[in-house]
């Protein structure tokens, strides 16, 4: 064997640590998914073969949670990308007050999701919530927000959008800042208006970084559940029970750890699929550049 | 800034009008949170929201002067997220550079494996991590939290640092090595300083992710290692939510972050500019 | 003798204001001091008695020299941590707040049997014996299936009662009587049907409040509690032999009865009642409905936990609220009991377990319960009969009261009578069944399902959960 290369030696410490942190838990979860696991008196395992996996594909509750997750995922990530990009383009055009505007717009992501969820509850509470009061007195919406099926889902989606749009904004803003000025100037000299420049030059130039933002948000949109956990915890009538909430409930309320492991692995598979898709898009962008 | 000819001020009105909308969306909850933290219990639950009220500091006093002072939680939060961030970024600088400068078959797969470790569903990894921590006696310790945070920060940091180094032209390091520098010196003296904005960005994002964590801290921390989000969740008691203290915690958490955000914003934006250096 | 030792030691503990820890001349003092220097972790739901205990640990430290670290959290988080702790077999938390349904029933094997400690001559025994605890509560909070084995000592006793705006009932009493044809003032003979009519009357006629009634009907544990009161009042039940399944618990409760006609009747009525309740109800858990009640202009009455009286009496509603047992239905009155015991982690070391026993005895002793009741940190609810006979406690039953929870005494004493107390099934699979019932009822309230369909689905869910376990 030859001596490990310079690159390998540089990577070694991090990769060893990462392997230690991830490989054992992964194998452990896979093992659990084939067992009936009970937490009494030290974990006990009872081999059940494929039972958890067949349950996974026949359980109507899990299926409905995937459906809600799909809506939640598309709505949160979609809105965050759209608003995040729009705000970044807007801020990029500002002449004065740019620094202050950015700092203020970034604030939500520094507040922990648990606190965001509680704050959201505080704002839409039917008794003393500011937003509930505004909607009520203006007559826009007079029912109970977190207690009605559609509005509850919209509310938790908007809380997530409030918290994480700034992450997209800042990443896209960075992409905009890195655009070579000459290209834009040339387009301007050619008489292209703002929308033409945006469509033909700016968006293609930042599409790579937009996909990075999309990837980061997507990974977390599948995993995170703090906001829903603290606001509706899946209700009313299961209308906000996204798949990580279902997983948490299966694992730590029912302590059906084997089944929870199977649900968790299916989520991991989905994440990997989505990430692969976006990375392929990223790679194409890279080649195009 | 390049000069922009033919800007009508109508355009500026539209721009700042839109900005105002974005700021309202972002800031109303925060301003309301800050205001509420100075309201008395009765004013907090007023059915017609009060904008004018007699301010009180009771919630802040309760947070910092009571038996269960918030300081302990702040300290734990800072230690756990700070140290995990430092470790993540330090190791990620090495690994990200190594990855960016190596060419081997399966590099893409390795890179994908790294980022895929960050996708593990939180509730699923809690059980195995709990068992590891129990064996290593890391439950209810800051060290345990640091390790838990490494599980999501390390892959993220490696991945981001790899992107920064990959965009750095090799020619600068090659020039240094022709002048007699070793490979490590080329990394340390040439490449690393050039990606400072990237390091700052990575660090800030790692800090946010660990600072905001609730699920891991809820499971792995104990009486002597609880963090700020846990303190917030504890206000959710059987007999009601202590909104005064909750909004006070929110205010205490967000205000320093604004200062930090203002201080590093320049770096943050430049850092995320993956292709910035190439363009210069 | 050791019971008397406690009385002496308690006095010593209360009187010894620091610096006197070496005074262990009496044998009982030595019994209390034997684990000096130990540190114990107590994990608890963040409830009023624990808030009171956490704020008043000094007497225990003075008495025993043991440090107790109290960790308080929301019940769901507690269940997760306790189960993981049992799973680790390490005993990180020696003293456990053992909710009878979410901790005791599924994980009783993780809890130490307390009889051994009580019988041990080298340890203090339960002052006045276990018989001083209110009998239904001792069984419900302390035992599982086996009548002889004690796993936890009754620690708190929140129970649902009828809270109403006495001021508004007095103001509108005559008018209501005329319109409705019965005396609206809550009494032993009030029925759920009357409750419905009163609520509707307030909806239509009173300007002080927006709605007559409000409920804790969020898709959560609270919804199960609120729904069960009515289910039982109408003669429905979760299982056969509901009283036994509720009080001692069962390994094998048999098939669920939720699809039976009487259960359906209860579900129908609940659906109807929630139809005229404050629309906020479907997002309120117990604290949400309590906040709405306290706000003053939202609702006129609510089935609420009696220990919330402490907060209500110190709010702007102080003195304006009346307390009664819940209305009765065609079958009975039932007032949901939500009490809990504290137990000892079986995985803790022997010495830690014995030290934890000292804490259990102290924390549930008459003096401590009295302290909790009067504490400004919250105001617990005694589980011992003798505490309710103490002169200053009896005095607090009347206004002005320095222990406002005692204003509910009339109502809760009736609620705790064996024929009235509402005991949900104490079975290992309860966490799953609880989720099934509150999810199905939530779907019913949202209009997704008819009451028949919801109850049928809940029954099938129960049978699956129990059959597969």
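Note that the chains take the letters A, B and C in the order they are written out, and that residue 1 is the start of every chain.
The working rule: a contact is a pair of C-beta atoms (placed from the backbone, for glycine too) under 8 Å apart; a residue touches a chain by one contact, two chains touch by 3 or more.
Just so it is clear, the structure is predicted and the values come from calculations on it, not from any experiment.
Engineer: Counting only C-beta pairs in contact, which chains form the busiest pair?
Structural biologist: A-B
Engineer: Average the CA atoms of each chain to get its centre, and name the chain whose centre is farthest from that of subunit A.
Structural biologist: Result for max centroid distance from subunit A is chain C.
Engineer: In whole angstrom, how far does the Cα centroid of subunit A sit from the Cα centroid of subunit B?
Structural biologist: Once rounded, the distance between the two centres reads 15 Å.
Engineer: If you average the Cα atoms of subunit B and of subunit C to get two centres, how far apart are those centres in Å?
Structural biologist: So the centroids are 40 Å from each other.
Engineer: On subunit C, where are the residues touching two or more other chains?
Structural biologist: Within subunit C, residues 80, 84, 87-88, 291, 295, 298 contact more than one other chain.
Engineer: On subunit A, where are the residues touching two or more other chains?
Structural biologist: 43, 127-128, 252
Engineer: Out of subunit B, which residues touch more than one other chain, so two or more?
Structural biologist: Only 45-47, 127, 131, 233, 236, 241 qualify.
Engineer: Quick check: in the complex, which residue numbers of subunit C touch subunit A?
Structural biologist: For this pair, the touching residues of subunit C are 76, 79-80, 83-84, 86-89, 106-107, 109-110, 217-220, 278-284, 288, 291-292, 295, 298, 347, 431-432, 435, 439, 442-443, 445-446, 448.
Engineer: Inside the complex, what are the residues of subunit B that reach subunit A?
Structural biologist: 1-2, 12, 15-16, 18-19, 22-23, 25-30, 32-33, 36, 44-49, 91-92, 94-95, 97-99, 101-102, 112, 114-129, 131-132, 147, 150-151, 154-156, 158, 163, 183-184, 187, 201, 208, 211-215, 228-229, 232-233, 235-236, 241, 243, 246-247, 249-250, 253-254, 257-258, 261-262, 265, 268-276, 279
Engineer: Subunit C touches which residues of subunit B in the complex?
Structural biologist: Touching subunit C: residues 42, 45-47, 67, 127, 130-131, 134, 139-140, 218-219, 222-224, 233-234, 236-241 of subunit B.
Engineer: For a test of understanding, state which residues of subunit A touch subunit B in their complex under the given definition.
Structural biologist: Going through subunit A, the ones touching subunit B are 5-11, 13-15, 17-18, 21-22, 24-26, 28-29, 32, 43, 87, 90-91, 93-95, 99, 101-115, 118-123, 127-128, 130, 133, 162, 166, 170-171, 173-175, 177-178, 180-181, 184-185, 208-209, 212, 216, 219, 222-226, 230, 244, 247-248, 251-252, 257, 260-261, 263-265, 267-268, 271-272, 275-276, 279.
Engineer: Touching residues of subunit A toward subunit C in the complex: what are they?
Structural biologist: Subunit A residues touching subunit C: 39-43, 125-128, 143-149, 152, 232-239, 249, 252-255.
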